[in-house]
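To start, I am sharing the structure in question, which I have written as C-alpha cells.
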Amino acid sequence: MSLVDRTQIKRALVALGAIALLYGIAAEIGRWALPHRIWMDVHYIENVELLPPYRSLGEEMAFLLESWILPSSIAVSTGRVLCGFVLGSAIGILIGLATGRALRLEYLAEPWLMLLRFTPALALLPLYVIWFGYGEASKILLIATNVAVVTLLGAHQGVRAVPQVYLDAATSLGASPRLAFWKVVLPAALPQIFTSLRIALGLAWVTIVVAELIDAKMPSLGYLLTLAGAYPRVPTMLIGIGTIGALVLACDLFALAVYAKATRWMRRTG
Amino acid sequence: MATQRFLLGLASLVGLLVAYTWVSNRLSQPEVIPPTQAIAEAFVDLIAGPRQQPAADQPVHMGHHAHSSDHVEVLLQQGVTLQASLAITTARVLFGLVVGAPIGILLGLLMGLSRRVNDYAHPLYVLVRSIPPLALITYIMLWLGHREPHRLIPIVYAVATTMVIPTYHGLRDVASTYVVAGRSLGAKGWLLIQKVLLPAASPAVLTGLRYAVAIAWMTAVGSEMLMAENGMGNLIVGGGMWASRLQTRSDPAVVIVGILALAIAGWVMDVGARVLTIRLTRWAR
Amino acid sequence: MSPSGSPRIRLEATEVGYTYPGQTPTRALEGLNLSVVENEFVALLGPVGCGKTTLLRIFAGFLQPTTGIVRCDGASIEGPSWQKGYVLQEAAIFPWMKVRENIEFGLLAKGMEAPARRALSDELLTLLGLSAFEAAYPKELSAGMSKMVEVARVLATDPSILLLDEPFGALDAQTRARMQDELARLWEQRRKTVVFVTHDVEEAVYLADRIVVLSPRPGRVKQQFSVSLPRPRSLDTRFAGTFSSLKREVWQVIG
C-alpha cells in the first residue's frame, strides 16, 4: 500500500460524506415512502423503520452504550476472535512450516488438508457444537480451525516459494540447515505468512459472526443482531452491523500496518 | 516422486480411517463419535431416500429401526436427500458466482482504469467489504422477507466483494506495462480494453475466482444453516432441529456425511476453476 | 604436487562429463580436463550453453559429475563449503538483511561473535567502498553495488578459492568496467585461486592469467591461452597492442 496523497484523502472524504448524506436523505424519504408494518413469519409488526434516520440511530447508540450492551458485546466477540486467531495461526504456521520443509510430511498431510480446505468454514460448526457444547470452546475452535487452514497454506507456500538462489548462496557460505532456516527461509517466507494472517483475520470475523448468530447468549455481537432481528429493532441492527464492520476494518488496517513494517525490505511494485 | 506422493497420501487416508474406526468402536459413544459404519449407514440412507415401512404381515427383524437416527428420520420425512441438497446448494453457489463475479470484476476494472474512480470508490469498497455477508441476512430479511433472494443476496455480495481486489491488482500491477505499450501502438478505448487489458489481467482475476468459489460455498452453506428449508446447510443442521435447541439430537454421522460431500463438491469446483484458468491463460505458461 | 618447485593444484577435473536428467537428457559436459593451480586467475570462456555454469557448479559442489572425477586439493568434492566462495550469476543478495548483515552472514555461520564480525565487515566495507551503505537494504542499491556486496559477503570468510559465475553479466558497460577494476584490485591485494566464468572476451583477457575456451555443447576444453600481460592491470592495459591481438586470437578460436 503506497502512501496516500492529499488528493486521495480529499476524494475519500468526499465519497464518504456523499454516502452519509445520501443515507440521510434516503432515511427521510423512507419515513413516508417505505412500509411501516412488516410481515414477520406469522404476523405483522408495527412501527418498523426500515431506514432509520440519524436521530433514531443516535438515540439507539446512546442507549446501547449506556446500558453497556454494546461495549460488552464488542469485548466478548473481539476476545473470541483474538483467541481463535492466535491459537489457529500458531498451529497453522507451525504445521505449514513443517510441511513446507519436509516433502514427506506434506504428502502425508495432504489429503486431510485438502479436505479441510474445501470444507466450507461454517459446516464444521454443528460438529463442534456436538463435541464441545454451546460454550466458548466450540466457537473459538471453529475460528482456530479456519485460521489454521489459511495460515498453514500461507506458511507452506511461503517456504516452498523461497528462490533456490538464496538457499544455494547460504549453503555455499557454510550455513548449517538450522541457520539457513532461521536466517534465510523464514524471513523469505514472512511476506506470504503475513498476507495469509491478514486474510485469516478477516475470515475469523466472518466465522464468529455466524457462530454467534446461532448462539443464544449475550453479550455477543452476533446474537445482538439476532435479537434485533427478532423484534425487529432496526436501529440496533444497523448499529450492530456497523460495529462489526468497523471492527473488521480496524483489524484489517492493523494487519496491513504490521505487514508493511515487517516487509519494509521488499521492493514495492508499481 | 509422484508415486510417493500418491502412496503416502493414500496410506495417510487409510491409516486414519482404520484408526478412527477402531477408536470410534471402542469408545462406543455414537452420539458424539459416530462409528464408521454409522456414517456409512447415514450416507446410504440419505442417498436412497425414505425407506418403505415394513408391511404389517412381514416379520420385523430384531434391532431394526427405520433409519439410523432421529436426525436422518426428520430429514427423510421432509423428503431431503443428499443428492438433492447438494444440487440445490451448488445451484445457489453457481448463481452467486455467475451474478456476483461480473459485478465484482466490473467494479475492479473501473477502479483500476481510472485513478479518479479509484480514489472515490476505494474507501467505500473498503467499508463495504468489511461487513461479513451473513451479518446482513437479518437486515435483508426485513426488506425481502423469508424468500429465495434473501438467501442468494449474501452469496452474490460475497462473490462480488471478493472479485474486486484481484481484478484491481491485476490491472494495476500486471497490465500497466502492456497498457503503455498498447497505447503507444495506437490502441484506444474498447479495443485496448478487450485485446490488451482483459487478457493481461486475467491470470490475477482467475486466481481471485478460485478464492471466490470457496467464499461462495462458505456463504451459501452458512446462509442455509441460518435460514433455509433445503440445501446442504439445512441438511447438516438437521432440518429445523437447530431452532429447537433444547432437543438437540443432531446426528454427527449426518454432519460428517454432509461435510465430506461438501468438501468433494468444493474440490470439484476448484478443479474446474483451475482448468478454466489453465485454458484461458495458456499464453502465460 | 611437491611443496617446493611446481605450484600446488587446487582444482582438478579429469574426463568430467555431466548430463542433465529429464525427458530429453542434455549432455552439458563431456571429457573435460582442467587443472587450476594455486593463486591462478582462470577465465572460462565459451558460447551460450557450453556448460561453463555447470562446470562451476560442479567445482562448487552443487553437482556431482556423471562421469569422470573432480578433486579439490586432492580430495573428492563432497558438497558446497565456505572454502570455495561461490558468487552466482543471479542476484543472491538477501533482501531482508541490510548490507552489513549480508556481509557478516558467512561469519555468523562460522559461529563468530558479534564484535569480531563487525570488525571484519568494517574492513570489507572500506575495502570495497561500501561504508556509506552499511545500513541500507538491498532494494536501495544499484545492481552493481548489490553484486559487490555479494563479493564482499563471499570474501568475508576468506576462502582461498573463488568461483564467480558471470557476476557482472547483468550490468551496463561502464559499471562492468568499474567492477572489473575493483575485482582486479582486490585480487592484487589478496591473492586467491579464482575461476571466473564469462562470455565476454575482453573481460576474460583483462582479468585472467589463463583463458580456457570451451567448445559448444557438450563442452570440453577447446583451447587454452596464457595471458602474459603485466600486472597490475589498468586502463592502459585495455589499449595495449598485445591486448588487442590476444583478443583477436581468442575470438577466432571461439568462432
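For clarity, chains are labelled A, B and C in written order, and residue numbers in each chain start from 1.
Heads up, the rule we're going with is that contacts are C-beta pairs under 8 Å (C-beta built on N, C-alpha and C of every residue); 3 or more make two chains touch, one makes a residue touch a chain.
These numbers were taken from a predicted model, which means no experiment stands behind them.
J.: Show which chains lie in contact with subunit A and also with subunit B.
T.: none
J.: So which chain is farthest from subunit B, going by the mean of the CA atoms in each chain?
T.: Result for max centroid distance from subunit B is chain C.
J.: Nearest chain to the global Cα centroid?
T.: It is chain A that sits nearest the middle.
J.: Please compute the C-alpha centroid of subunit A, do the same for subunit B, then give the distance between them in whole Å.
T.: Chain centroid spacing, subunit A to subunit B, equals 18 Å.
J.: When the centre of a chain is set as the mean of its C-alpha atoms, what distance in Å lies between subunit A and subunit C?
T.: Distance between chain centres, rounded to whole Å: 51 Å.
J.: What whole-Å value do you get for the distance between subunit B and subunit C if each is reduced to the mean of its CA atoms?
T.: 55
J.: Inside the complex, what are the residues of subunit B that reach subunit A?
T.: Spelled out, the residues of subunit B in touch with subunit A are 4-5, 8-13, 16, 31-32, 116, 119-124, 126-127, 130-139, 141-143, 145-146, 172-173, 176, 214, 217-218, 220-222, 225-226, 232-233, 236-238, 242, 245, 248, 250, 252, 255-256, 258-260, 262-264, 266-267, 270.
J.: Show me the residue ranges of subunit A that touch subunit B in the complex, using the header's touch definition.
T.: Subunit A residues touching subunit B: 7-8, 11-12, 14-16, 19, 38-39, 41, 48, 50, 104, 107-112, 114-127, 129-131, 134, 205-206, 209-210, 213-214, 216, 222, 225-226, 228-229, 232, 234, 237-238, 240-241, 244-246, 248-249, 252, 269-270.
J.: Considering only the defined contacts, which subunit A positions touch subunit C in the complex?
T.: Listed in rising order, the residues of subunit A that touch subunit C are 165-166, 168-176, 179, 183-184, 187-188, 190, 264-267.
J.: Taking the complex as given, what residues does subunit C use to touch subunit A?
T.: Going by the criterion above, the answer is residues 60-62, 79-82, 84-86, 88, 90-92, 94-97, 105-106, 108-110, 137-139, 150, 153-154, 157.
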